[in-house]
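Letters A, B and C mark the chains in the order given here, with residues in each chain numbered from 1 onward.
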Amino acid sequence: MKAKLIGLAFAALAAFPVPSPAGDLTFWTWRQEDRSQYAQLFAEFNKLHPDVKIKYEAFEPQNYGTVLSTGLAAGRGPDVIHVRAYGGLEQFSKAGYLLALEPQAVPELANFEAAALSSTSMRSDSKVYAVPFASQTLGLFYNTEIFQRLGLKPPTTWDELIQVSKALKEKGVTPLANGMATAFMVEIFTSVFTGSFYGPGFTPDVLAGRATFEDPRYVGALAKLLELRDYLPQGYAGVDYPTMQQLFLSGRAAMFAGGSFEIANFRRQNPNLKMDFIAPPAEKAGGAQLVSLFYDGGYAVNAKSANQADALKLVRFMATKPFGDRFSALLGNISPIKGVTIEDTLLAKVSKLNEQSVPYIMAVYFRFQDPTGSTLLQGAVQKMMGGGMSPGEVGAELTKGIATYYPPFQKR
Amino acid sequence: MGAATRSEGVRNGLIQLVLLVNALVMLYPIAIMFLSAFKSTAEIYATPFALPQAWSLTNLTTIWAETNFPRYLLNSALITISAVAAILVLGTMAAYAIARYRFWGNEAIYLFFLAGLMVPLKLAIIPLFIQLKTLGLIDSRAGLVLVYAAMGMPATVFILTGFLRSLPGELEQSARIDGASEARILWSIMLPLTRPALVIAGIHAAVPIWNDFFFPLVFVQSDDYKTLPQGLTIFMGEYNTDWGVLFAGLALASLPITLVYIVLSKQFIAGLTQGAIK
Amino acid sequence: MSWRLRLWLGFLLAPPLALMTVFVVYPLASAFSYSFYEWNGLARGGFAGLENFRLVLFQEPFSTWTYRAFGHNLIVFCSLMIVQNGLAYLIAFALLKGLPGHRFHQVAVFLPVILSTVIVGFLWKLMLNPIFGLVNQALVAIGLAAWAQPWLGQPTTALGSLIVVNAWHWIGFPVLVFLAAMQRIPREIIEAARLDGAGDAVLMRRVIWPLVAPATTITVVLMFIGSFNWFELPYVMTGLDGSPGGATDVLGLYFYRTAFGNVTSGLQDFGRGSALAVLMFAFIIIVATWWTRVLRRREIEV
């Protein structure tokens, strides 16, 4: 009872909305780099709603969650919030900080695929809490100039990948830029190369409890990663994210396993780089080449916003095709809105690749409770690539950790 | 120093050598930092330890164009100076009371102050934010000053108490016999003797405040009140950090406080010799 | 005690105490209280008693992480005592001699302290980079290529590398503290010892060491507290997860990602984070208090 009173007092304190003049919205995001592009997007919005002024505030990405949590907890959050997807969203929606977007209020929700909407929905009530903003695809970048110069074809099977890597190494080019020092890139690296090996049937089996991460399909896929060690940069255990990027950007490495979010980033840092993005190699000739897919977040409305009507207007605008088109053009990201026209050839290609994909499994399904699948995977694969763990042990550690809260793994 | 014998000369020579190596180890990376301010991120990774190919000022112009550098610098200076002043004044008062007087609760109060040192204060960010909001101090320099002052006190009290305790008790006694008031004793006798400790405590407090970006990030949104390190976080992107610009910015940010230290260290030496002579 | 004295003490203590209470103690107490509740993301749920503490101390995998992080902090403390405080004492003595150029050295040794940890972390990441890094290049140049390794990427060398970098960054401070204390020793004592034929080693051990006890107390206790609250340097250099594979995970990192989540992998749980902080606090305050008492007994008035 006392706890309830304290909780109520807490909520009451947080219930005071920030007074902002009607017609003014604050928008918080972690995308500091996109300030001018969002200014243009908001200008488009203002053509339809000239009386709504939008204030754009960006925060350093690593601490954005903390700043947002603190602001919301104290009742001083923004009106429209750029949020992460899946578990990252639930942290805020569970606490009631986000406004549930009902189909009546936001009919534009019909513009999204089911998978996109589920990324910004809360599992417990199946309501959508944010309008998805971008999808990210994980695959293989390669430097077309180097490949051309050395007469190599981009690999479509694993054996081709190994052959190409050997050839590159002989010519003094590091085949793959990836290193193991930055944890989240370890997860991306894993997903890129194992997807085609464990195949599209694996994830549904895991979700239904018919398989765990000790399944031979998954462990076998992990074992393949060990074969790539010879083709990673020297001292790869200590190669971190910026170093990886620089190796690829400077042409010292010919391939980079990463996400489509790098496209805009690479272009900005080295406009002369001639690169292409392909699906990861298949197990055998004719096999499926599967990219990994996930949705990166969305735009949500603060449940305690003083200006909810305008906030909804903005969020609805950000769910329309015109916004999606401009968004993809300006920010180099794939908007998940159906029927979006993507003019950029590389991005359009990536968008097409999404049709043959597996979900980025840990981020999508196992980041809802601690220990998250991501945390377990990142640390375990780091150890595996350093020789401290076998693929079977990695699978076991993942299963054991996730089983502490995941019923389908528990009955085994 | 006495007559220098041959072996003493050799030993001193060795010590000088060690000190020189030490100075090299300390200063070389700092030199790299300043050189990198003139390089782009790509160049930093390509040739991190070479001289800049073209002493390009792009980084500096980027900082000037994309951030409100002079304003941030002013804010940082105001906040740091005010906070350190508050810390030294209040910290000395508390340390003096604890170190030179016996009273019930002395040790408990000492521990009370020390407790502030022993916990990652980031833990309290949400209640602290609510506290500041209740006082209307969110998005203000005063709010930051008060928070930093409170956070800097424990270490200052700790350092000053340590030093003050080691001073002989006779100092005050003779002054009291002469009829001096407690305030006078503090001001004229004890304070001058603690000058080196004050300098140490001051620097220990000032450096983290000057370099901090976390608390301003959470408490300050208006561009008018942002501090320098906070302003520089704009270059820490989600997928790439503009290291060239960051180096330039942080190198510039380190200049004021370096100058302050160099000036203070002269003071410091003067203060030390004064303290040793009774 | 006269009322005038009481007033004076009140005047001295009230403002600092008030400031501390409002901005540190009260928020901290509130935050500590969070550890007794169940947290659902950012929503505070029902009273949970000691459940969060149980999770952190006894429930796999959280307990493994807790003890692993604690173990790393212990290693950090012991190593830094030698590499940072121990070396600082020697350097301070070298500076005490007042050899030509000592003012320059005094400034040089303190400059890294003034730098932002962000820049120090990145600078040293560059130096230790397995591909571009100066350290490995230098080792190869002097023929020790076998020693060139990915310092920050291997579980065996990562923590040690961070410790060395930390010493580089902060050694200036204990040097300053020791030097200040050494310079307060009356000249006569040192000269008397020299006249008795004491060499440098004896001087350092028998004469100066006992007399700089207050400085020792300060540096040891501050180092103890700093080692267990260590956060910024590992955060910048190896990341919030304590890469590689948790080899550089320390309580500060573990606390932050538990309480505030980690964008790229974990979630926030304020209850567990607070519980961790409470435990860290309890440990530090008990040990630091005991240690301060022990060290203070050595302090003699000079």
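We adopt the following convention: a contact is a pair of C-beta atoms (placed from the backbone, for glycine too) under 8 Å apart; a residue touches a chain by one contact, two chains touch by 3 or more.
From a predicted model like this one, the values you see are computed outputs, not experimental measurements.
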Farthest chain relative to chain C (centres taken as mean CA coordinates): A
Central chain of the complex, centres being mean CA coordinates: C
Chain pair showing more contacts of the two, B-C and A-B: B-C
Separation of chain A from chain C, taking each centre as the mean of its C-alpha atoms, in whole Å: 36
Rounded Å distance between chain B and chain C, as computed from the means of their C-alpha atoms: 15
Distance from chain B to chain A - Cα centre to Cα centre, in angstrom: 39
Overlap residues in chain B, where contacts from two or more other chains coincide: 45-46, 126, 213, 243
Residues of chain A engaged with two or more neighbouring chains: 61-62, 66, 69, 73, 243
Sites on chain C at which at least two other chains make contact: 129, 132, 260
Touching residues on chain B, where the partner in the complex is chain A: 41-42, 45-46, 125-126, 129-130, 133, 138, 213-214, 217-218, 221, 233-234, 236-241, 243
List of chain C residues in touch with chain A within their complex: 37, 40-47, 59-62, 125, 128-132, 136, 148-155, 238-241, 243-246, 258, 260-269, 272
List of chain B residues in touch with chain C within their complex: 2, 11-12, 15-16, 18-19, 22-23, 25-27, 29-30, 32-33, 44-46, 48-49, 86, 90-91, 93-94, 96-97, 101, 103, 109, 111-124, 126-128, 131, 146-147, 149-151, 153-155, 157-159, 162-163, 165-169, 182-183, 196-197, 200, 203-204, 207, 211, 213, 229, 243, 246-247, 250-251, 253-254, 257-258, 261-262, 265, 268-269, 272-273, 275-276
In the complex, chain A residues that touch chain C: 2-3, 6-7, 10, 61-62, 64-66, 69, 72-73, 84, 87-88, 90-97, 179-184, 187, 233-240, 243, 247, 367-372, 374-376, 378-380, 382-383, 386, 388, 401, 404
Chain A to chain B touching residues, read off their complex: 13, 30-33, 57-63, 66-67, 69-71, 73-76, 242-243, 245-246, 249-250, 261-262, 265, 269-270
